[in-house]
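Labels A, B, C, D and E are assigned to the chains in the order they are written; within every chain, residues are numbered from 1.
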Amino acid sequence: MLATIAQSLLAEGEHVVDSVGEGGHEALEAASWILQQGWLMPLVPAVSFFAILFFGKRLPRQGAEIGLAAVGFTFLWAVLSAFEWIGGSAVVERSTTWFSNGRFDIDVGIHVDGLTVMMFVVVTTVSALVHVYSLEYLRGDQRFTYYYAALSLFTASMLNLVVADNLLQLIVGWELVGVCSFMLIGHWWEEKPNSDAALKAFLTTRVGDVGLMLGAITLFFAVGTFNIEAINQAALSDGIRHGLLLTAACLLLLGVAGKSAQFPLHIWLPDAMAGPTPVSALIHAATMVVAGVYLVARTYGVFFEGFSIDSGGINLLALTGGVTLFIAAALAFVQHDIKKVLAYSTVSQLGYMIAALGVGAWTAAVFHLFTHAFFKALLFLGAGSVSHAAHHTFDMREMGGLRKYMPRTFWTFIIGTVALAGIPPLAGFWSKDEILLGAKEGDFGTILILGSIGAFMTACYMGRTVFLTFFGEYRGHGTPHESPGLITVPLMILAVPSLLIGLINAPGIEKFNDWVAFHVPDVTFHLEHHDFDPGLALISTVIAVFGFAVATWVYYWQKAPKGLLERQPVRAVHTFLEQKYYLDHIAVSGIAAGTAGPIARGTYWINQHVIDGIVNGVGVATNRFLAPFTYDVLDQELVDGMYDDIAGATSAVGGLLRKAQSGLIQRYALVLFAAVGAGGAALAYLT
Amino acid sequence: MGPQNVAFGIIAAAMIVGAIRVVTTKVVVHAALYLVVVLAGAAGLYVLLAAEFVAWAQVLIYVGAILVLLLFGIMLTRAPLHPSSELDNDQRWPALVVSLGIAGLLIAMLADAFQDDKVRITNATGTGEIADSIFNQFVVPFEVVSILLLGALVGAVVLARRDD
Amino acid sequence: MTPTIDYHAFAPELVLTGTIVLVLLVDLVLEGRDRTLVSRIAALGTLGALVPVLTLGADGADRTMFGGAYEVNNFSLVLKAFFLIAAYVTILISVDYIREGDYHQGEYYFLILVAVLGMMIMTSARDLITIFVALETISIPTYMLAGWRKHDARSNEAAVKYYIFGVLSSAVMLYGMSLLFGVAQSTLITEVASAVAEFDDRAIVIVGIAFTIVGFAFKVSAVPFHFWAPDTYEGAPTPVTAFLSVASKAGGFVALMIVVYYGFFAASDTWQPLMWVLAALSMTVANVIAIQQTNVVRMLAYSSVSQAGFMLVPFAVAAESAAAAESAFQATVVYMLIYGAMNLGAFGVVMAVARRTRSGEISTFAGLFSYAPGLAVLMSVFLFSLAGVPPLAGWFAKFVVFRAVLDAGTTWAVILGVVAAVNSVIAFFYYAGVARQMWFQAPAVEDTSPIRIPGALAAGVALTTAVVLVIGVYPEFFARLGELTTR
Amino acid sequence: MEWFDSWGLTLAIFLPVAGAAAILVVPRADEATQKLVALLFTGATLAVSIGLLADFDYDRASGLQFEVNKSWIDVINSRYHIGLDGISLPLLVLSAVVTLLCVVYSWDHFPEPHNPKAFLALMLLLETGMIGTFAAQDLILFFIFFEVVLLPMYFMIGVWGGPNREYAAIKFFLFTLFGSALMLLSFLALYFKSDPHTFDIVALSQPGVLEMSKGVGSLIFAGMFLGFGIKVPMFPFHTWLPDAHTEAPTVGSVILAAVLLKLGTYGFIRVALPILPDAAEDWAPVIGTLAVIGIIYGALACLAQTDMKRLIAFSSVAHMGFVMLGIATLTDFGINAAVMGMVAHGLITGMLFFLAGSLQERYGTREIARLGGLLKSAPRLGWILGFTAMASLGLPGLAGFWGEFPAILSAYQPAAALSEVWFRVFMVVAAIGTVLAAGYLLYMYQRVAMGAVPAEWEDAHIHDVHTPEWIAWTPLLIGILVIGIFPALIFEMTDPAAQVVTKVFGG
Amino acid sequence: MYLNQYLFLAAVLFCIGVYGVLSRRHAVLVLMSVEIMLNAVNINLIAFSVHIQEVSGQVFALFVITVAAAEVGVGLAIVILIYRNLASPYLDQVDSLKG
């Protein structure tokens, strides 16, 4: 399929984005019919969701067929859209009034341009493969039907998110994917950790959503509409005060950090691995978590102007990305759970994307998003395959040597690893290289350095993962076996783009730039595109290879008992020192292991205890202290108590006054005459 | 100081002493006798004021009827004929304070209002005049009072008689 | 000068007097036999007296007699009708109680009718002597009625307390009236009115007014002249209590309205603060004590003190403007009409329930809803109406009071309004206390078969229920009557 | 349909009370007939309401339709003036729907001590009060209907409620009564300050009818603020609500949450703002402050709850905070959000109380700590609870979002006379409240629905959703979803009317 | 003669009556005290009546006397009832109703 796209692109030559019509509707002539029906993309899986929910259980495959059909349709439509787009369709802007509220008409609509089409392809491809993969992976699951329903709902929501032409509609999709994530992370909710993880994911992202909501509101009032294109136009043509723009950008960034697991809101993503693995591949690697990146890319005008990206140096966006990519990479080192390695890796890669956007490398970020989706999905599904084989464990200490038992999984996993590590000519290389290039050209030294270190670490921890999983002796129970076709075929399909897709932006071809570009009509704004820099490419390749080599030395050649190195890097150094033959390499690896280990550990400790601790602490404090305080002390004692006290006091006064009703007639008379005398005197002589 | 004033002084003194004895005596029957002094004194005052009809009415109704009733009451409740210290309750002092207070209020107010106004007694109020007034202007209350008296009579009989 | 007597104007009183005599005679004739006939005659008499009231109302002209000492106008007609109907309902709810207790039926109705005659006269009295006589005609028969259960020490106690308090109050009132007579040089209310406006020395006018008002404050049981009311209400026979709390109290209010609006109006600096204090004290003190009560009649007694406070509120704000005076006047009238219906109804139900429980304790109402749902609903209707919860008539009573308050619109008026508002909430607490027993608790009596209610009692309760419900939804009728009284 | 135009609304108001009367005639033992009569009359009322909905001219949603203006209490110039505009119509339909569903839900599980006759009669009486309040265009009429709901609810809580029902019932009543007493004083003050004296809401809303100083206006507003604020309930007058909800029988809670609380907020929109715009501007910051305090406070209190119903009750405090925030902005946007919030809260919280009631019925407890594994024992019930919880936490695509988000949105730019800074602070606080909302709802959901089935219930048979429940719940669930997807269904009605309300604030 | 001679006397008598009412336990003594108060009122009425030459004051006094007679009759009947049931004429023993 991608090959066909490649063919068409070679035939078409240069692609030019048509200018966008003003109101959307007028522009329809130039836009392709297929693209104009972009609204079908979220709608079909949405219908499928309800169909599965209500009729799924009665069908022979318990509703999976409906999901497959729907996602198959969207996939085909995405491919057709890609053809049409590459074939030169204009941007599609269609909208209709959703509702009128106050002075404003709130629209619902679609905006289909290169970015949208790219997201279509990413989402539907991964989703389709996950649908297929899950047939086997979740076979016999007690909530099989609900699982497929949730997948459909997720696909619908995600496609709605990417097709939305306005922020409000985007928020709808954004929240819905969050719910799907919640449902799917907690799919096996019988275990409390799973539901805890689901809650954590939802609540953490929800914290970010506050930012998104407030940011959207700020932009809404600044521009008078939720329409993203209008917002970009206003942002780029000085239509919004810079202060306001900065505020909005920071607020949106909060949302982005929540969804795309950026430091310090990244903590939910590793826990989210509690969900079924295909879900992790789809939601927590390829699609949902990139929603934040997508949002930044989509509303880039706001961020570009808000953070003054063109002025270089450093900015909050780039810094967030840089810090995240580094920290997450370090964290990936010390995981035993293969999915957690991949999860941290995802966080790290998302950091790359955000950093790329922060340095103005829009295309690089989007391109990385694109390539990453394929190879990371591949890796997750591979991990799932491994676990499927190795008695449902994800602990790498119980794996090893699987290369022999499951070759197809092994080879596809290797492709994913290499692609992630950024070794040419696989997909990851091209996109990561562009990011580093962008950082260099944009004069963001910090990001360049962090990115390079990250590249080293990426290669290194992925090497570790591969060696621990596939090499050495099998350390688990039973006899592993290769997964069936429903699992391996999707792996193999994903391996293809992981291998090749990067080439579409390779020097000499460079089509991705044309297909997917940040373009705002009626605004003179141009993001510089940097030409391929062979020197930088070479350096980054070397770094990656070096990282891989270190991993090889540490994890492949060493004969230390399993897991020892993880616990005692110093003894590992000692072990290696005995191997004089590899002295120099060992020295290097020792330093690497010796520094990376403590650093990683330290970071992890900080992560678990400080950041996670703060987040959990806020939760716990709210739950254990603030909430009971509010309820027990403020509400029950103070507020409610006050009312009860008033009632009590009234009653007590009544009791006292009641004593005056003594039953003694002459006491009554005394009061009568006293009142007469006092009253008469008061009236006569005081008034 | 005319004879009228002398008469007033004597009557007033008798009345006040009588009234004080009524409210302080330790023998119930004595109280009734002192009350006669007060009531008769009042009749005397009416005569002084040339309101003869009222004076007669006072003597007839009060001394003749009400006092008799009260004496019946004393007898029927078997009031002791010897001094008893149980006739007063425990709120004499507050009662004194309240009554003195009211007295002070009233006297201050009256002194203010009428200062040295004199009573001009031109001629005795004739019975006819009173009858005219009653049967012209006050015929309604008169009729009603008659029914009221009937009611009081019937009711008092029902209450006071033994049913068994 | 021979007085010309307008017999049409006196027709209601004449019919009533005739009935009084007839009752006495029939009672004598029926010696030793069943005397329920007497109650029929008394009831018919009150209805018969209503006829000339209606014809007079249709005629519409004000009739003033005896040099202004006696006046038949819309105000007096509306209230005459009210007293007659209240008496009728009282007789209805009395019939079986009095018969079953063998409480000297003939004399009982006779005294009730005499008291009603006093009330009728009161509505037309425009002269201190007539007012005094009318007031005593209301009081003296009721002193005796309070003690009508002769062998019950509590009933005796009720009578003696009521009596002594009544006599003392009338003594104070008389002293005040004597001063006013000295100032006005006449017993006519109109003369008093001009005198209090013009007389130079204020102190005597003030004391005269204050002392006079005390007499009526006793009658309406306003705090601090209310002490007799709870004890008397609790001890007296229940139908008498109903009569005292409605008709007799209304008689006091009528007198108060006459002296205040026709007589003392110009001296508002005297009576307005007095009324303010009386109103505020009555509402508040009675309410907070009522919360503590365990006996339903006693609770209703305090409630009626508190209700009297509400009726006094309009007085306290009446003199701010002509419009406010009109609102205030109407408010008291309308409140009285509605209060009469709901209070009589409440006592009617209490009596019906007591036929089973033989007790006035609130706790004996427990679970009433489960075995006598009709009575429970009716009792709730009356109680919540007393609390002023729409759409039961009580809301409109409260409403007109608030209207008077805001029509005056002064700060003091608004403060009193807020006091009244707060009190209406407190009041709910004890009304709901009874409702709580009836609805939320398990039955306290062992016999939970449905309660059979005698026809007359049922008729009385039905009549009052109808008023409470209809006026609650369509208050226009009473509002119009109220409006009529100021024309 | 000329006949329907003039009689339809009156019919909707009084059909239920006629039904109540009809039930009273039915012998006590004949429960089937009683239920049938109740169903018939609530059904007829709903049919009339839907007729109103269909006959409503949406192009003139800003003005009153189905208007009736007949003489009532002439002496005080109060008239039987009823009518519907875009703000009252959805609330009226909501009331009719919820009551019918409550009748259906009660079909074969009346709470102890049973007695369907009284229960249904009270429910119908409630309906008249609710519908009447939404239709009334005269202050006195409004007051009457506003109060009519008190007694039935008092008895519902007191007779059919939980162990602490007496306290809860009287507390509910005293609070509301206190508020409404002061409210009545305010209404009267308006009457006397207007020229000519009138209680007509429409007339009073015209500029120049009321002549008074700012201070007096503010004082009058204060009275109404108490009356409506207690009903809403706003912090710090909310303490009656958790008790009332906790003790009330299920349908009592449902009606209380779904409709009764709206009477207060509706009062603000219908009465307080249009009649006293100047005072509203003075009070708006206070209302806004209390609203956001309510949002946070309610949410925190929720987190501390161990009782499911109490939790939902406190969530009402938080949710009504959003509604009040919308109102406090004095903008058309805010009013729209408020009405939407009312409808959404009515559907969602009503649904939550249904669920809590059903759980209690099945488990005999509402202790969250004792529950668990609902998704396992009764999966459909569990999913419905999840759906409703999601709706309640303001998930886009479901009704709750459209009450919450626009309310936050509207606080960004309040009416011209209000402080932007303050309201932006409110906005941020309210937005934080949405996180807390997600927190307590999901925390509750996790403990109730997820996890393994506790040992206590392992052998217990937990019946999944049964037929009356399906019938009663489906319309609510569909409503939540449909309004979530097509918010225009509500906004279309409310928007023109909201613009009328806020015109004076320069909206 | 000064008008105030009479009025002062009446005031003093009235207050003596008040004192008696408040301090005497015996019911009949209380009734007597009340009579003193009523007499004080009557003195007022007559004095004013003569002073301003308006006969209605005297009529008023006559009514007061008549009504007082009725009151005393009723009062004694009640006192006898009390005495019959409680065997005591003392008012402070009549206190079973209170609170």
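Convention: a contact is a pair of C-beta atoms (placed from the backbone, for glycine too) under 8 Å apart; a residue touches a chain by one contact, two chains touch by 3 or more.
Only a predicted model underlies this, so the values are computations on that prediction, with no experimental measurement involved.
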Once every inter-chain C-beta contact is counted, which two chains account for the most?
B-E
Counting only C-alpha atoms to place each centre, which chain is farthest from chain C?
A
CA centre of chain B versus CA centre of chain E: separation in Å?
7
For chain B and chain C, let me know how many angstrom lie between their CA-based centres, rounded off.
31
Report the inter-centroid distance (CA atoms only) between chain A and chain E in whole Å.
97
Report the inter-chain centroid distance for chain D and chain E in whole angstrom, where each centroid is the mean of the CA atoms.
64
The positions of chain C in contact with two or more other chains are 129, 132-133, 136, 140, 144, 147, 150-151, 160-161, 164, 168, 182, 203, 207, 230-231, 292, 429
I need the residues of chain E touching at least two other chains; which ones are they?
14, 17-18, 21-23, 25, 27, 30-31, 47, 49, 51, 56, 59, 63, 67, 70-71, 74, 77-79, 81, 91-92, 94-99
Chain B touches at least 2 other chains through residues 89, 91, 94-95, 98-99, 102, 105-106, 109-110, 114, 137-138, 141, 145, 148, 152, 155-156, 159
Tell me, which pairs of chains are in touch?
A-B, A-C, A-D, A-E, B-C, B-E, C-D, C-E
Which stretch or stretches of chain A touch chain D in the complex?
97-104, 146, 168, 171-176, 179, 182, 186, 189-192, 195-196, 198-199, 202-203, 206-207, 209-210, 213-214, 217-218, 220-221, 619, 622-623, 626-632, 634-635, 639-640, 643, 647
Going by the contact rule set out above, which residues of chain E touch chain B in the complex?
1-9, 11-20, 22-29, 31-33, 35-36, 39, 42-43, 46-47, 49-51, 53, 55-56, 58-59, 61-63, 65-74, 76-81, 83, 89-92
Any idea which chain C residues touch chain D in the complex?
369-370, 373, 380, 384, 387, 389-391, 395, 398-399, 402-403, 405-407, 409, 414, 417-418, 421-422, 424-425, 428-429, 432, 435-436, 439-440, 474-476, 479-480, 482-483
Which of the residues in chain D end up touching chain A in this complex?
171, 174-175, 235-236, 238-239, 297, 300-305, 314, 331-333, 336-337, 373, 375-376, 383, 390, 395-397, 401, 405-406, 408-410, 412-413, 427-428, 431-432, 434-436, 438-439, 442-443, 446, 449-452, 486-488, 491-492, 495, 498-499, 507
Which residues of chain A touch chain C once you look at their complex with the stated criterion?
647, 650-651, 653-655, 657-658, 660-661, 663, 665, 667-669, 671-673, 675-676, 679-680, 683-685, 687
